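The chains carry the letters A, B, C, D, E and F, assigned in the order they are written, with residues numbered from 1 in each.
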Amino acid sequence: MRGDGRQPRDLRPFAITLHPNKYAEGSVLIEMGDTRVLCTATIEEKVPPFLKGQGKGWINAEYSMLPRATQVRNPRESVKGKLGGRTMEIQRLIGRALRSVVNLEALGERTIMLDCDVLQADGGTRTTSITGSFIALALAVHKLAEAGKFAKYPITDYLASVSVGMLNGQALLDLNYDEDSKAKVDMNVVMTGQGAFVELQGTGEDSPFARSELDSMLELAESGIERLIAWQRETLGEAGSRIGTVLA
Amino acid sequence: MRGDGRQPRDLRPFAITLHPNKYAEGSVLIEMGDTRVLCTATIEEKVPPFLKGQGKGWINAEYSMLPRATQVRNPRESVKGKLGGRTMEIQRLIGRALRSVVNLEALGERTIMLDCDVLQADGGTRTTSITGSFIALALAVHKLAEAGKFAKYPITDYLASVSVGMLNGQALLDLNYDEDSKAKVDMNVVMTGQGAFVELQGTGEDSPFARSELDSMLELAESGIERLIAWQRETLGEAGSRIGTVLA
Amino acid sequence: MRGDGRQPRDLRPFAITLHPNKYAEGSVLIEMGDTRVLCTATIEEKVPPFLKGQGKGWINAEYSMLPRATQVRNPRESVKGKLGGRTMEIQRLIGRALRSVVNLEALGERTIMLDCDVLQADGGTRTTSITGSFIALALAVHKLAEAGKFAKYPITDYLASVSVGMLNGQALLDLNYDEDSKAKVDMNVVMTGQGAFVELQGTGEDSPFARSELDSMLELAESGIERLIAWQRETLGEAGSRIGTVLA
Amino acid sequence: MRGDGRQPRDLRPFAITLHPNKYAEGSVLIEMGDTRVLCTATIEEKVPPFLKGQGKGWINAEYSMLPRATQVRNPRESVKGKLGGRTMEIQRLIGRALRSVVNLEALGERTIMLDCDVLQADGGTRTTSITGSFIALALAVHKLAEAGKFAKYPITDYLASVSVGMLNGQALLDLNYDEDSKAKVDMNVVMTGQGAFVELQGTGEDSPFARSELDSMLELAESGIERLIAWQRETLGEAGSRIGTVLA
Amino acid sequence: MRGDGRQPRDLRPFAITLHPNKYAEGSVLIEMGDTRVLCTATIEEKVPPFLKGQGKGWINAEYSMLPRATQVRNPRESVKGKLGGRTMEIQRLIGRALRSVVNLEALGERTIMLDCDVLQADGGTRTTSITGSFIALALAVHKLAEAGKFAKYPITDYLASVSVGMLNGQALLDLNYDEDSKAKVDMNVVMTGQGAFVELQGTGEDSPFARSELDSMLELAESGIERLIAWQRETLGEAGSRIGTVLA
Amino acid sequence: MRGDGRQPRDLRPFAITLHPNKYAEGSVLIEMGDTRVLCTATIEEKVPPFLKGQGKGWINAEYSMLPRATQVRNPRESVKGKLGGRTMEIQRLIGRALRSVVNLEALGERTIMLDCDVLQADGGTRTTSITGSFIALALAVHKLAEAGKFAKYPITDYLASVSVGMLNGQALLDLNYDEDSKAKVDMNVVMTGQGAFVELQGTGEDSPFARSELDSMLELAESGIERLIAWQRETLGEAGSRIGTVLA
């Protein structure tokens, strides 16, 4: 049994608050255990310079932690005057992951910007950000679809993410901060509703891992993501009904 | 009557959630109408270089808005690589205001850092930040006092802030964003529980104002701050009982 | 009596040198006691992006202190690589104050940039910058008017600024550095030739102040600004004769 | 057959020049096809602040591309004034990977800094940097060992890296730039001489991948890394003879 | 005859105002024609890290132009957030030049910082800065000597600088801006009171120059610097009497 | 005799590798003794903003040292977030020098960017960069000429550079690092194939130098540059045959 009473295959208790922000085109407050991320989707009717005139859209993401999201206060990157490597890595990952389930041609020449702001961090902030920002994205796209903006529905599949790791020779699902800091291996997995891999990032800095350990972790991740996507589906309801489908 | 149905002397509906953050030594989610600010107080057992060895403490503040706190998304200052003038102005104001009711000698060689993060902005974010961060500060100081850290209680008085303005020849209390953007004069007032002024910042960029208008606005501000301080007192309860008093 | 022999209601000796710079469209060296600020006005036949195509002009200001303007040398902001909060606060104030007496439509699509460089600082550098840069602005506008650029004269009123404070229970006008550093309350006031308030910034960080103290300070400020504006009027002579008037 | 005549399981022609730099404690010019990276190892007899006094050492890495390492010149990060996200991601990866085969206690309180400068880029610059900088690191550590600095040999295993990908439904080893830009899946694998995984980073931005595809790619990667490590072993000769062993 | 009526060998009219700044340990306002530079010397009783504990002092210089020192306003480097190449080049030159006539051992462990702020620029700002800051330096050193700080007088010789150039096949001394912008060759020369070269920087970007032209320019420079040093000697009077001498 | 066995008038052994980079329009690896610089020329079919629409081209240069090009590792400027003064000085020099032998009108509206990256530094990196980047430039221009882009050949003359200095009262040619760090005078000279001066930068920070010393150094520099240009001519062969000539 784990420190917080879970079995190895258990996710933490999760919760979604829809529309916590009155301005954003899509917004979600997602909680995985004590990890809490506010995800907003902003629609901008323009694309980055490198895409201009190509009839394609773009999905971008930014990630940030409030200074006291963590046990020890960490200084703001705005005060330091630059983004750290960790932040860049994570926001590039979120953007890439979301784009993998969006048909950018179908989206049209517009950008959807996902902002993931971590209000409280207890492990898994990047995977929770992906799972939550997918919902915010889906809400914003649904709104555009309601306004008749698409010939073809641009979201091609569901998408969620979870972390897995090896701790004391045991594969564990959805690590909290305490487990994460002790784990020998730490892996983040992003998968689609179809069960395909979008991103796989495993690191064994403190201890390289064997193929069999990889297999155990992947199996746990698949099972966890399946549950997360079921939950996304239920949460979105009607707003998610056309994901992966074509209009007519 | 005002756009949202208030009378000129009315504050917006307000609400406080205590302890929204499990790590911070003091934390508060404050809402004034649709303006929502998360305030956390962090205790650091050290002081800035200019105070070292003087036996005095320090109170500092940082202020930031989430990118989609506003109707139109505004770019992160961490991405721009520097703090804007407005941010610096506001966080200097918050720090100054809070220090005015703290006996820094009594606090001892420690710093309390107040982080004010605006989750949603609908006017009055700086005044709401001051009113909220005073509570977060009081909670953190109370915790230190409970641990027997003080010979003398370091908070000398209550402190709150509100905005007032002139719109269509009428002085109004606690402007929302819509009123604020139309007002001819915009004034932020910070006062103590004793009814003394700590900060007064009035600007009539679009239209200079007469002494009589100043008087009307100040009268409204005094009345509004009185109500806010009553509410702080009630919210803090026991945790605020020694504010302004000496231990023994 | 004050340290430098003045009465509480006395301004320091003041002096203006017109046209100290051969390139600027308007320039002034202003001295208030030992505070010395070089103000230049530059006319640019373009406006910032947010005003393009609106038929309106803009007034902007930048403020800086030479490194050895002060008793102890302070490092250049160009070397530190960013503007400090104090600088931003002051230059935003100067710009806002000057815009309050300019009809931006009448100015037409052009920007006037005021540069206030403090050669020597002995208290009151921001208020002196406002008083001086108003003259530089008036000179530049006069030059444009002479060239027949305006249907309507764009400067609607005179504008000057002064500091007041409370020291040993006494309200004092126009504080020098020594008084400023000891004062319990420090207030900067900007007013028009009509006697209306444009900006009011009072701070009682070390000691909150009562309404009666505010009233005494405001009374001193009004009287000081009246004298400064009389002096501006005399200095500008013909070049100031159309301020507040319409061409024909 | 592939564009450059290789079979799917083929590595590109590779070459190592030892000691291309007369100052560095270890240096290597590594070539994988037309990808060319200069790796230098610098020994510094100090550790980063977070490690001071712990009796442990540190391995750090920096990565950079010369502006014309690529087909189209890319601007210098020194000119842009900040490191891009890609650079940070890569240099964090290199450092993490190398640390996984170093016993930091055995290394003692010193830092070895690996600089990987890409002189010419034709795909696989990050994996080539890892493979090459391991050799530079081994040379530097060997030098320290020769000088009797270690009780226990600090390098615990060999380490190499290679990229794999899916192109036209086929798993390919060691992609060149042309293949990389067309591949549906791109995966970087870092493994030890023992055949354990250190890092696994797969991304299917343009097309999620199935578990069976992952398996094919991993199998190719294992085989490629085995060959690279054999080559490292041969290149290092005597200088690599104590890797993974204990002194006495 | 030149545009401003001078002969090729003529310097522009020059003037020095001593002690324009009441705080600096040495200060000078120097004018060469319409070029006007404020030079202040600040004594700091510490040295840069690389000199600590060596019993030697340091001379440093910073150079800046006010934004409207020039015909067209140039943006502040503090606003751009970094020093330009021209500024760095010039301030490195000023520091190097001054250090060439200072015995750093005799100076003792202190730094003298020279700030050269160009109030108005009409050609030759860097050479004028050198000539002027030498005087500011001499004043500051004299003050230290009066206080008995030196066993040996640390300034070993006088130092001045002037520009020369080739225009229409004619060598000209002390170019103003108009001449400078048309000149085919532009050379800055720094020399000592003994007639030795300290710096020589000639550039013929628009037209390479022959050895004979170099000789003509150097001859003019020598003659101009001789006059400038005579003027420095006269200006400093008693304060310059020990330059190049030993105390006892 | 010198430390490395050379006579005062001797250059170090030199070598050129043509086309070390497969992407650049011109590239060269130049070695002067142990100083090794990779120079690439990139053709961009656009010009900087200040030249737009004038029918002229531009030559630009950037210079950088790899961190371990030197005995002690120096931190990357990309990590520090800004270019140092030395780097800016050098790249401005290289650009200016190359432009002096290019007819920018004949070049047409395109920019050639020279990147000089120092792989190993042993004195004379800036002069070696100039000598090497001239060849890279010539190769790129030759390529454009082959493609029939010019009516008039844009390179008007050969160009090379060398350092000279005074050490122990003796003028020396082409100083290595050891000599450079001990030399009393350090001078960099850039000359054309016609024997005219393009740049002359001499500094006697540690000891001012006499006119006669200047003459000896210039004589050595002229002789060294003559040999370097002969070598450039030979290396370029056919590719350099139209330098200084007109097409028809």
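The definition used in the following text is that contacts are C-beta pairs under 8 Å (C-beta built on N, C-alpha and C of every residue); 3 or more make two chains touch, one makes a residue touch a chain.
If you want to know which protein each chain is, UniProt gives these names: A, B, C, D, E, F = Ribonuclease PH.
Note that the coordinates shown come from a computational prediction; the quantities given were computed from them, not determined experimentally.
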{"item": "Set of chains whose contacts include both chain D (Ribonuclease PH) and chain A (Ribonuclease PH)", "value": "none"}
{"item": "Contact-graph separation of chain B (Ribonuclease PH) and chain F (Ribonuclease PH), given in steps at minimum", "value": "3"}
{"item": "Remotest chain, chain F (Ribonuclease PH) as reference, centres from CA atoms", "value": "B"}
{"item": "Same-site or different-site touching of chain C (Ribonuclease PH) by its copy chain E (Ribonuclease PH), using the half cut", "value": "same"}
{"item": "Centroid spacing, where centroids are CA-atom means, of chain A (Ribonuclease PH) and chain B (Ribonuclease PH) in whole angstrom", "value": "34"}
{"item": "Distance from the mean Cα position of chain F (Ribonuclease PH) to that of chain E (Ribonuclease PH), given in whole angstrom", "value": "29"}
{"item": "Distance from chain E (Ribonuclease PH) to chain A (Ribonuclease PH) - Cα centre to Cα centre, in angstrom", "value": "60"}
{"item": "Chain centre separation (chain B (Ribonuclease PH), chain E (Ribonuclease PH); CA means) in Å", "value": "52"}
{"item": "Residues of chain D (Ribonuclease PH) touching at least two other chains", "value": "81-83"}
{"item": "Ordered ring members, chain A (Ribonuclease PH) first, chain B (Ribonuclease PH) second", "value": "A, B, C, E, F, D"}
{"item": "Residues of chain F (Ribonuclease PH) defined as touching chain D (Ribonuclease PH) within the complex", "value": "20-24, 27, 34, 38, 40, 42, 44, 62, 64, 66-71, 73, 76-83, 87, 113, 115, 117, 119-120"}
{"item": "Complex interface listing, chain B (Ribonuclease PH) residues touching chain C (Ribonuclease PH)", "value": "82-86, 88-89, 91-92, 96, 99-100, 157, 187, 191-192, 194, 196-211, 214, 218"}
